[in-house]
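Mind having a look at this structure? Questions to follow.
Think of it as A, B and C in the order they're written, each chain with its own count starting at 1.
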Amino acid sequence: MIEARNLAYYYPGEEETSLPALSGINLAVRRGEYLALLGPNGSGKTTLLKLFNALLTPSEGEVWVKGISTVDEDKITEVRRYCGMIFQNPDNQLVATTVEEDIAFGLENLALPSAEIKEKVIDVASLLGLDHLLQQPPHLLSGGEKQRVAIAGVLAMQPHCILMDEPTAMLDPAGRRDVIETVGRLNREQDLAVIHVTHFPEEAVFADRVIILNQGSLVTQGPPEIVFNDLKLLHSLGLQGPAAVELAALLRKDGFDLPSQLIHCRELVNSLCSLERKS
Amino acid sequence: MSRSITLGQYFPGQSMIHCLNPRMKLLSLLLVLVLLFSLQTYLGLATLLLIAIFLIVTTRVPMRYFLRGLRPVLYIAIFALVIYFFFTSGGVVLLRIGFITVESEGVREGIFIILRLISLVFFSLLLTLTTTPLSLTHGLGYFLRPLRYIGLPTEEVAMIMAIALRFIPTLMEESQRLMRAQLSRGADFETGSIFKRAKSLIPLIVPLFVSAFRRADELALAMEARGYRIGATRTRIHEDLIAPRDWAALGMVLGLLVASLVLGL
Amino acid sequence: MFIGTEKLTHTYMPGTPFANEALKEVTFDVKQGEFVLVIGPSGSGKSTLIQHLNGILKPSSGKVYFDGNAIGSDKGELFKLRRRVGLVFQMPEEHFFSETVYDEVAFAPRNLGFDESEVQIRVTSALEEVGLNAETLAERHPFQISAGQKRLVALASVLSLNPEVLILDEPTAGLDSSGRRNLFSLLTRLNRSKGLTVLICTHHLDEVAALADSVLVLHHGRLIFNGLAGEIFSRREQLYELGLGLPAVTEILFGLSEKGMKVRTDIYTLEGARLEINKVKRRHEK
């Protein structure tokens, strides 16, 4: 569905001087896949996301979205329709004076007829539990609600993939739960592919695939149980694994015989309890 | 905090006037203003004021919002009243206090100006209390569209106004927070000479500008990501349809204007 | 009472249709040298509460105390108060406006009337206190240093007041995990070695739960729990209902305890959890 081939990107003016923001990226995203993208600051995560929805175009290599190349200027709007993007700051992506108008923004850009826009907005609002907030101005919403409005705005355009750049970084725990649950549900029920950039490994444990970037290169990828259990790699990049993985690693050193691909808290709890029963 | 900031004082409702097309309301207001200043009789002005009050009642917006709108013009009104009552001559002398006379012309002009001011405020508020700032902006934008032919980017200007309206409460909240943060660092915005006070604003102005530019950058990216392109055709979720009742309303205002001219009011 | 409030109520926009009672009769008192967490969901009034403690906000009713005296509204008094009670807002690097790090950190002491030689001493020591090299950093432009350094400079710009109390609103928002650990260990050091009374408003309990002496829990403007950290964090269900979560390791220990394992659940660090689970194993082997 999305494909990056030999992708590299240099920020304008930095071609000769510094290291590329991204280099040698080969990646394919399948329909309905939930991808988590992690890496230290400056590793190129945001840049990669922007290359997928043609906000940036490759310096080298190609990006294809549903068979369309992102350098095809005539088809940029289609690419951005297929790949919607949610940003970190909930405030700075809401452009209209009411929730209803903001959800409609993308559809207005597609020049759809007014009646069709109204219908789609109502559908999406009800899917995301925003019906009662449609006439509210954005500054009266909570952080979690604002992000849900942003998701609604993107969803209204019927994308095949949602790109999310640390969408929960500025939210409180309730807001975080709100956004993660909403996106998880959309991924499962609507077969929507998700690429989720995050600093919280806990948010990535339910992903289909975890990708780790460092200094512009793809360091590793694979299912969460495998990638997150490579603590040596994670720590060398300054990253932490999920709490259950970190604790399990320490306990294994102390002689606890725990399964090697454990990542969830309840898996650890269950394993420790069954070890206790055996002894 | 920012809950108080409902820009343009829009008061939600479903009344007849709430539902009129904003463009028609703007045009009607213009005609009413012409009417206001062309009426020359007590009957005419009093009737117009009564019409205003009648319309206010139909909107179901509490009267106190309209009365509050009179407060800023209160001083002008009193000032004008004094000028007209005591310093305009003509007609019959009604009162004499020393060398100051109150004459009937002066009284007449004074009362007229009061009636006009009150009607002016009421009709203007009838517009702003029943129309959202965004609709007003789009309405005005419509009338400015011909300027496109001399190179003015009217669509983009409309977008700029809409974004400004959207962010004013957010920016006000931010500047309040910023002020409190700098106060916590011992800033003092109140004492000292004009120069000192102006200088003390730097810790407010610089961060606000920096943050405003950052917001603009992020917002522009988000807009582009949702398919916004400068110069491309856009539709709107709420069509600006003109219904028969809008024509009827405009017609009635025109009718009033014509009638008052014909009747010599 | 060292720092605290008595029946503090604060209503925003009183008398208008938008009136909002952000704080309702909040009473608490913090002892000198304590490390206190103020937690609660968004909109619970945490920020409103802490802004009373240095006189930025005035109570609608009730009193705010510092060092035995009620805080009044006299300007001179408030200036003196802000020298002793430092408040660091959320994302403080967004409030930068100077051309050099030096000037940014010097802003506060200069405002409070110290002469330039005293200011220099304070700036240098504040920068060093947060672990930054004053010499290399002083002349740099505050917008051109790294994100982690910016946060530390912002902290230094309040520490240059030499306050007795340091109040921080979400001090680790936007930092990565090593940045968070660094900041909390700095705050611990300031609290333990320098005796600074520290109050932190935060959502992220992971790194800080173990450091707290006591915890205040706010909900819809009311102070609903107030007590020692161990006691408050044992109310797991209630905290969850408020949209707050315990550190992940503590959740694991609770999970084990629920399944019948005899583990303590008042442990909030990875190492602590490890030791506790090992203890249980050894107990079994005996």
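The rule is short, and it goes like this: contacts are C-beta pairs under 8 Å (C-beta built on N, C-alpha and C of every residue); 3 or more make two chains touch, one makes a residue touch a chain.
Bear in mind that the values here come from a model prediction, so they are computed numbers and not experimental data.
**Q** Quick one: do these chains touch in a line, a ring, a star, all-to-all (complete), or other?
**A** Basically all the chains touch each other, so complete.
**Q** Based on the averaged CA atom positions, which chain is farthest from chain C?
**A** That would be chain B.
**Q** If you tally contacting C-beta pairs, which comes out ahead, A-B or B-C? Let me know.
**A** A-B
**Q** Averaged over CA atoms, how far is the centre of chain A from the centre of chain C? Could you give it in whole Å?
**A** Between these chains, centre-to-centre, one finds 31 Å.
**Q** On a C-alpha centroid basis, what's the spacing between chain A and chain B, in Å?
**A** It comes to 44 Å between the two C-alpha centres.
**Q** Mind pulling the residue numbers of chain B that touch at least two other chains?
**A** Residues 3 of chain B touch two or more partner chains.
**Q** Quick one: which bits of chain A touch chain B in the complex? Just the residue numbers, please.
**A** Residues of chain A touching chain B: 53, 55, 77, 80-81, 84-85, 87, 89, 91-98, 100-101, 104-114, 117-118, 121, 135, 137-140, 150, 153-154, 157.
**Q** Okay, in this complex, where on chain C does chain B touch?
**A** 12-13, 16, 18, 20, 51, 54, 56-57, 79, 82-83, 86-89, 92, 94-97, 107-109, 111-112, 143, 157-158, 161
**Q** Would you mind writing out the residues of chain B in touch with chain C in their complex?
**A** Counting only chain B, the residues touching chain C are 1, 3-4, 177-178, 180-188, 202-203, 205-207, 210-211.
**Q** Quick check: in the complex, which residue numbers of chain B touch chain A?
**A** 2-3, 5, 12, 132-134, 162-163, 165-166, 169-170, 173, 214-215, 218-219, 221-229, 232-239
**Q** Mind listing the chain C positions that touch chain A in their complex?
**A** It comes out as residues 41-43, 147, 173-174, 176-178, 203, 206, 243-245, 247-249, 251-252, 255-256, 259-261, 270-271, 273-274, 277-278, 280-281, 284-285.
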